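Shared between the two complexes below is subunit A, which has subunit B as its partner in the first and subunit C in the second.
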Partner chain A sequence: MIRKKILLLGDFGVGKTSLIRRYVDNAFDDSYLTTIGVKISKKHLTIRDTECELLIWDVEGATPLKQVLKSYMLGASGAIFVADCSREETIAHLDQHIERFLSVNPSARYVIAYNKSDLLTEEQKEEISCKKYARFTSAKEDSNVSQLFINLTEKMLP
Partner chain B sequence: MNKTDIILRAILSQDLFDYLLADKNGTVFQFSEGIGKYIDTIPRAGDMLFEYLPELIGYEKWIDEALKEEGCHHTLKTIQKQEYYVDLHVEHYSSDTVLILLRDITDITLSKLKLLQYSNENTLLYNTIQKIIDSQNNLLLITYHNRIEYANRKLLDYFDLKDIQTIKGKAFDEMPLASLSFESFDDLYLYTKDREQEIGIGKDTFLAKATLLEKTHKLFTFSNVTHLSSLNRLLKSNINHDPLTGIYRKHYSDKILREELQKQSRFALVMLDIDNFKHINDTYGHMTGDKALKELTALIQKELNRNDIFARWGGEEFLILLRTFKKEESLKEESLKKVKSIRASIAEHLFSAIGHMTASFGLALPRHSDSAETLFERADQALYLAKDQGKNRVVFESEADRILSDQIS
Partner chain C sequence: MSLKNSSSDLDRLKELLLGDELEALAQIESKLKTLTILSDNPEEIKAKVLPFFDEMLLERLQDKGGAAISLLSDYLARIIAEASHRNNEALSQSLQGILSTAVSREIASNKDAMIDTLYPIMGGMVSKYVSTAIKELIENINRKIDDGLSMERYKRKIKSRVTGVSETELLLQEISEAHILSLFVIQKESGLLISEAHWRDNQISDPHMVASMASAIKDFINDWIQKSEKQAEVQLLSYGSSTLYIESAGSVYLVAFLNAEPDQEQRIEINHFFASLIKEYFDLFQNFDGDDSSRAVKSLTAQIQSYLDTQNNYPTVQEKRPKSNYARYFVLLLLTLLLIGILYIVKDSLTEYAIASEIEEKTDYTIDIDIDGDQILAEGSVSSFSDLHTIEKIISQKSQKSIVNKMTIPMSKIGQLFHEKEKRIDTNITQLSGHIKQLEEELREAAQTVETLNKKLTREEAWTKEQKEQLLLRKKKINELISLKENIATQLKNSFGHTSYFHPKNNTLVFSSSEFFPRGEAHPRKNAWKTIEATVNQYLTILLGIKKTKRYLRRILISGHTDSDGRGESNAHLAKERALLVKNHLSRMQIIQENGLGPLLTSTGYASQYRIMVNRTEDKNASRRVEIEFQLDEKKLEEDIKHLVNSSEKMDRN
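And then the complex of A and B:
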């Protein structure tokens, strides 16, 4: 069995914890509870006949004054960068998060989630020019969530 | 602090520290009692370190280093284990044993969490409010000593300013607003404090309004109405104007006439009707008829003053309110002269495609007792007589009275 450490990274409040909760427990909560430090969850999945165990790191979101500790990123094979598509600034910050992560793990793979897609209309979504490796997700409506994790895992497998 | 001390401290302060000892292969062979609360199984010697602490997967390098180097020490901070938070310390114990210390930081972390939650919620709220502020009209906040304190994004963008720092603390005359015909912010405040006032900045028109904040700061809002006011003008003109000829419609001239009567102004009412227009339409078609109407209105407009009101009443019926008079001349003389000249210019004109065309005119002057209806009636009667007497002529109302009474008797 292959074990992979992945992190969810992005500004606070974009839905990192909610995406993990949806993927691992298939649950969602509307109220906002800030994450402090880190909490890891495990998830088994089989891809192309390969059994994998994902160690999913939910880390405290970045705030304007505080970046995610680089020590949390050591040994990661992949990352999901999350933005809240209803808050432009969280999209603008994606590049910073990606750069910081790749500086620790240059060969790691990543995908991007434009989360809370349920808050936008189709036209509004069209106006957002998505980055490479990005997709719209909704933890609330369970849209594209497992695809997000599966897609990353596929990229990380040899 | 040597290793024995560390373990001693760990054991002595069990509420703060727990520990694990693992060998080179990552097998746990010794641990403190309190370890159980951090993991979801009952710990036993021989278990694997990574099963207890999957957080350390990816940190194999730390463990290798800790085995090799005395004094080596790494920390992974604020890890949530069950309902606890711990700092994980990876330390050298011996060349074949690594020491993992778990420091319980639950209490302090929960207090930090409360603060973080509060600050994050506030940041979100602040962001939202900032967005609301930026989506508003142009806003400018001035301190009590008349210095710029704040301007929102919209205003900065309007004046091509990068950020607030470029104008913060500046005075009135250091701001692009200085092009206004005001002396100071106080001046502008006095002008706009009671109600919205239109002011021009550059080529644009703004509605400006001042509000006093906290007795010390003045908040100015500027809403750009340049496009709005031109749109308004366009709308108004569509409502009030006849689409074919571009002159006023009946309802507008009616309104003006009633106002003039109310004000008892000096004016004359002229009604005119094109002679045999039905014949023109039937012979040449409506397109040619329409063209002739346009030519005719242009012709009449040339004879009129800017202040006169010229309106299309129906198909080929028009109305003129003559409102420009020289003081000395009598109202009747002057208006008759004007209308006769209009009649002549039409009669002499060669209309394209149809050649000559004439019109008949009825002229009436307002009396003190008049309502719009009685005035209209007299003008209409005069027009009727002009037609009756052979068309292409001007009839004044008193003549109409006389001719009518002649006919009756």
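And then the complex of A and C:
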């Protein structure tokens, strides 16, 4: 069994927790969120005949006044950077999050989720220039959520 | 080597470094000899000359660096060695600032590797110093305890004397004895669980999540501590009686889940163990990538499990100490006696407590129990009669004393209980009615069975009786048959007595002499027939009067005889004639006809074959005669007896 620590990073309110909720059925109580700013969930999956277990750290959304603790990022093998595709500024902040994360974990892998895609029409989606490793997701409509995590896990495995 | 002995080297160094300058200096010197000294103040002269030297030295170092640095390094080492020898303290002070900066930089750039390398050594050193400090602490506490005055102190003192354990250690043990329930080895950065072990069945559900959460909490607290500018790490997390003891190294940390806060001795133990792990699994800890299936991880798991098992089975301090002092045993004996005395005094209170505790444990009721002489008073409030009975039962199991029940049930409960009881009674009655009906049915069936059996028994008895009677009857019949001939003889003998016509020897009637048959005559005399008839009638009456005789009567033989006078042929004819005449006469007799004996009458003649001899002389009168005898069917008789015997035997067997 291979275990990997991954993080979901992004601005406040982009739907990180919703994505995890949609993907994972086993999570710690939400009260941890308010206490130490992180909630840890676990998901078991098999990729290319390899048994994997993702320990998913749902870090409290970053705000200009409160940055994610670097110690939470340490030792992560991968990250999912989440933006709300209906809020441009959250997309704009993605680079900062990625830079900060890679400064702590230079060899880590990542994918990007343009979440809440259910709020946009197909034309609106086309207008958004997607970054590398990015895909539209919707936790509400369960669109692309599993693929997002599987994609990241495939990248992390040797 | 001293500096004095290396003057040639110094000269060479001077030449190398300051060759040109020395030449210039010599020229200056020669010039100076001619120059007027402008100033006599050495400081002024130094200030003017030294800048030239500095410039020149710098140029040398830059231009001829290779050779100069090589030479300098050789000399510098010697200079430092010499300086250290001469004034170590001064040298240390001068180097301290440089070295501190260098070490700080190295640690900052390779922090984890440095900690991992140093931990086993530092951990041991720290443990040693901590142990020494603890010993000193124990001694200090002992001194302080000696000054104190309290009952607890004396108790502890006695215990210490008895067990041989110091009072301080007892004090420390009293505080708490923590047991390690689980051990986790966690990768520091990622919070991934590398290995885990648990004491007995203290399995932690989802240990990987717990490890990550513990890591997050630890990171959170560490972050806060570091914000407070304190170079420290969280080491102890407590919640209620549960404690997480965290021992941190460079790349991993060890989390011990305990049921109480560990004491210094335990912490040192854990530190030692952790240090040995880091030493042994350095590579694994440095390169762990989340794959826990490797052999190294399994070996690590086995090792921490073994450590955990050993730790929790380790004997306590008291157990470690040998106990071989008679005084200790004596004191123990005294203490035991004292304890028994105290127990006797507080026996009732203990019993009261034990009963009340058991009641509370089993029923959740708090009942006041008070032992008063031979009685136990139980006082309190319960909500049902069954609880009341349960409590009484508990009390009676615990004590033989009579129970004074002062327990009450609230009136509101009583009404409810009454209705419940009523319902239960109704249900029970319905159930009982059903049972009674069923029982009645079963009884009826049983009565029928009994009646059938009685009838059968009566039949059997009757049959047995009948069989018995039959058997007796058969036996009687057998006896009758066996003794039939004898019986006939007896009866005939008794009836005829010693009359001349009856010969008891052969049970034969004999009619002879001239009274019946004159010489040469076949016909008997006329008056003889009456005698013959009467005698035969009597004879046959007796025979027929004896039971079964008629059944077995084969024939009645009438044989005629003559005397020896005359010829044989005529005598034979005469004998036959006499017999035939008698036969014919008898066949007309009523008794013969009524009993159907006619066919049985048979006549034969023997002439003088069986003449009567008296003293070797023939009694001719006696020889002229007719004999009448009965003959039984011996074969039939024998068969019947056999048959009866066989059937009787069968009946007997049944």
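Here, the second predicted complex is superposed on the first by the 147 of 158 C-alpha atoms of A that agree within 3 Å, B and C clash if a C-alpha of one lies under 4 Å from a C-alpha of the other, contacts with A are read in each partner's own complex, and residues count from 1 in each chain.
Assume a contact is a pair of C-beta atoms (placed from the backbone, for glycine too) under 8 Å apart; a residue touches a chain by one contact, two chains touch by 3 or more.
Source: prediction; values computed, not measured.
J.: Superposed on subunit A, are subunit B and subunit C clashing or fitting side by side?
T.: Because the two structures are overlaid on the shared chain, the partners are seen to clash.
J.: With both complexes superposed on chain A, which partner does A:13 reach: first (subunit B), second (subunit C), both or neither?
T.: Only subunit B is touched by A:13; subunit C is not.
J.: Where does A:24 make contact in the superposed view: on subunit B (first), on subunit C (second), on both, or on neither?
T.: A:24 sits against neither subunit B nor subunit C.
J.: On the A-aligned overlay, A:75 touches which partner chain: subunit B = first, subunit C = second, or both, or neither?
T.: In the superposition, A:75 contacts both subunit B and subunit C.
J.: Give one of first, second, both or neither to describe whether A:2 is in contact with subunit B, with subunit C, with both, or with none.
T.: After superposition on chain A, A:2 lies in contact with subunit C alone.
J.: Is A:89 contacted by the first partner subunit B, the second partner subunit C, both or neither?
T.: After superposing on A, A:89 lies in contact with subunit B but is clear of subunit C.
J.: Between subunit B (first) and subunit C (second), which does A:130 come into contact with in this model arrangement: first, second, both, or neither?
T.: neither
J.: Once both complexes are aligned on A, which of 79-87, 241-249 or 349-357 in subunit C overlaps with subunit B?
T.: Clashes with subunit B appear only in stretch 241-249.
J.: Go through subunit A and flag every residue that touches subunit B in one model and subunit C in the other.
T.: In subunit A, residues 3, 5, 32, 36-38, 40, 42, 55, 69, 71-72, 74-76 are touched by subunit B and also by subunit C.
J.: Residues of subunit A touching subunit C in their complex?
T.: Going through subunit A, the ones touching subunit C are 1-5, 26, 28, 32, 36-38, 40, 42, 53, 55, 57, 69, 71-72, 74-77.
J.: Subunit A touches which residues of subunit B in the complex?
T.: Per the touch definition, subunit B meets subunit A at residues 54-55, 57-61, 75-80, 85, 109, 112-113, 116-117, 119-121, 123-124, 127.
J.: Quick check on the complex: what are the subunit A residues that touch subunit B?
T.: For this pair, the touching residues of subunit A are 3, 5, 12-13, 32-34, 36-40, 42, 55, 60-61, 63-64, 69, 71-72, 74-76, 87, 89.
J.: So in the complex, the part of subunit C that touches subunit A is made up of which residues?
T.: 187-193, 206, 208-209, 212-213, 216-217, 219-220, 222-223, 289-293
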